[in-house]
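So, here come the structures, one by one.
Both of the next two complexes hold chain A, though its partner changes from chain B to chain C.
Let's look at the complex of A and B:
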C-alpha cells in the first residue's frame, strides 16, 4: 500500500504532451490520403493485366511518379500512426507493447523506402 | 501495486451493439486489415524493381484467387475506412454529433462503401474482360 496521494501517483505518468502531435500527424496523413488514395485506386484499375512495359510507361510519367511517392509517404505514415495506436491500446505486457511498436516503426520505414526506391528505379531504367 | 477487489467499470461486452460503437471497431479492423494487405502491396510494388519477370510473377499472384480475395477486402476496407475516417474528421470539428445524425450517417457510410466497392470491381472486371 503506497502512502502517496492519488495526485502524487498520477503526476509524471500521465500525458507526455506528445499526444496532440501524434493525433494531428495521423490526421494530416489521413486528409492527404483521401485524394491520393482515390487517385491510386483509379490508377490501379488502369493497370489491370498490364505487362512490365505498360507499368513502366505509367510509372515513369512525372505526374504519376510524384503522386506515387506522395501516396507511399502518406500511406506508410498513416498506417504506422494508426497501427501504433492500436498496439498501444491492446498489447500487454508493457515490454511486448514497446517491442511491437518499435518493430512496426522499422517495418514501416523499411517498406516505405523499398517502395519509393522501386518506383524510382522503374522510372529511371525506362 | 495493490490488487484490492474494486468494482469493474461496465465492460465492452455487456453493451448493446450500436451503429456508432460497431463502426468504430470496424474502422479499426479495416485499418489493421489494410496494413496487413500493404505487405502484399509492397511485394507487388517492389517486384517491379527486379525487372519484367519478377513483375509478371507478382502480377499473376495478384490475379490469383488469393490475390483477388485480398484486393477485394482491400477495396471494401479502403472505401469503408475512407468514409468513417471522413466522419471522424467531421466529429473532430464538432459536426454531426447528434445520435440521430450519427446513426443515419452509418447507413450512408455502408451504402457508400458497398456501392463504391461494387463500382470498382465492375470497372475492374469489365477491363479484365477486354483483355
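Let's look at the complex of A and C:
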C-alpha cells in the first residue's frame, strides 16, 4: 500500500535516456545475422560427412575464421539481448529479475568465449 | 513470475440468471461481469435475457435497457453514446471496444461483456483508470513553447497540420492500452499505446518547441521501448487509429538522435 500520488507513480524514477541503444543493437544484430547465418549454414552443409581434417582445413582459412568469430559474436549478442527482454517481461520479483538477467549475461559471455577459443584452437593447432 | 492465474477470489463464478418473463420472442443472452465492492467475494457472470425487439441496435443500448428494465444496480460508464467521449470501453465478445459503436448484430451467439482487461475493477464494468490517466499527465500533453505567443494564433502550415491526422482523433478510451500484453506485464513502467500515441501527437506538432525534452523523457527501455510491436493496440482501436505506427515513429525519432 502506497500513498504516493498516481502521477508520482507514473513518473517513477524518470527516464534512463538509454533504451534506444538496446533497440538499435537488436536490429543491427538481426540484420548482420542474416548473411552470417546463411553463410554459416551453407558452409556446414558443405562439410557434411567430412572428417576432422577437412573441417580443420576449412576452419584455418583466415576468411572462414573471421566470419566464424563474427557469426558467434552476433549470435550470442543477439540471443542475449532477446532473452534479456523475455526475462524483464516475465520475471516479476525485482531480485529474481536482476539475478536471472545477470546469470544470463555471464552464461552468454562464457559460452561465446568458449566457442571462439575453440575455433581459434582448431585453427592454430593445425 | 507473471501471474497467469488470477489471485484467489477474483476468478468469476456463475451468477444470477435474469429471465425475461414478457413472452418476448427475439431473445439474446447477455453475460455480464459483476463485482460489488460492498459485498466483496468473487466476481460473478450474470446472464440477462434481452428482448432485442424493444432494444436499440448497439451493445450500449442493451446495457442501458438492462439497467432501466431488468437490474438498476448494473454499473457502467457511458456518456455521449456516439463514440466521441471514450467512456463506454469494455471487453465485448473478447475484444476491447466501445459499446456504443458496436452493433449487437455483429456478434454471433451470446454476448459477453467484461471490464477492460488488467485494470483494478471498482464495480461491475467500471475499472480504475487512475494510473493510465496519470501516465497521460506524465507526458505533459500541452503545447510547450518559449517563443512568446504572437498577436493571434501560432501558425502551422497545412502539411504540418496534416501530420496530426490519425492522432488528434484519439478519445482516450484505453481500448488499445489494455489490449497490450506488454502493458499487462509491465504497465507500472511502460506508458502504453494510448499514452504513447498522445506523446507522438505532441512530438509531431510543428508549434511545439519541447521535442528534445519529450524524446529524452521517452528514451527508456520501459516507458517507450517495452513496446514489442505486437500490434494488438492497432487491431482493437474502435476509432480506426494506428497507435503501433505512432509508437514506431517515436522510436525512430529517438533513434535518429543517436
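We adopt the following convention: the second predicted complex is superposed on the first by the 118 of 126 C-alpha atoms of A that agree within 3 Å, B and C clash if a C-alpha of one lies under 4 Å from a C-alpha of the other, contacts with A are read in each partner's own complex, and residues count from 1 in each chain.
One rule holds in what follows: contacts are C-beta pairs under 8 Å (C-beta built on N, C-alpha and C of every residue); 3 or more make two chains touch, one makes a residue touch a chain.
The shown structure was predicted, so the numbers you read here are calculated from the model rather than taken from an experiment.
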**Message:** One more residue to check, A:118. First (chain B), second (chain C), both or neither?
**Reply:** first
**Prompt:** In the superposed arrangement, does A:92 touch chain B (first), chain C (second), both or neither?
**Reply:** second
**Prompt:** Between chain B (first) and chain C (second), which, if any, makes contact with A:21: first, second, both or neither?
**Reply:** second
**Request:** Applying the touch criterion given at the start, work out whether A:7 contacts chain B, chain C, both or neither, answering first, second, both or neither.
**Result:** second
**Prompt:** Of the two partner chains, chain B (first) and chain C (second), which one does A:79 touch, if any: first, second, both, or neither?
**Reply:** first
**Complete:** Per residue count on chain A, the busier partner among chain B and chain C is B
**Message:** I'd like to know which partner A:49 touches here: chain B for first, chain C for second, both or neither.
**Reply:** first
**Request:** Could you pull out which chain B residues touch chain A in their complex?
**Result:** 2, 28, 31-32, 34-35, 38-39, 42, 45-49, 51-52, 55-56, 59, 63, 75, 78, 82, 85-86, 89, 92, 120, 123-124, 127-128, 131
**Interfacial residue positions of chain A with respect to chain C in the complex** = 5-7, 9-12, 14-24, 85, 88-93
**Item:** Interfacial residue positions of chain C with respect to chain A in the complex
**Value:** 1-3, 130-131, 133-135, 137-138, 182, 185-186, 188-189, 216-226, 228, 251, 254-255, 258
**Fill in**
Listed in rising order, the residues of chain A that touch chain B in the complex are 1-2, 27, 30-31, 34, 37-38, 41, 45, 48-53, 55-56, 59, 75-76, 79, 82-83, 86, 111, 114-115, 117-119, 121-122
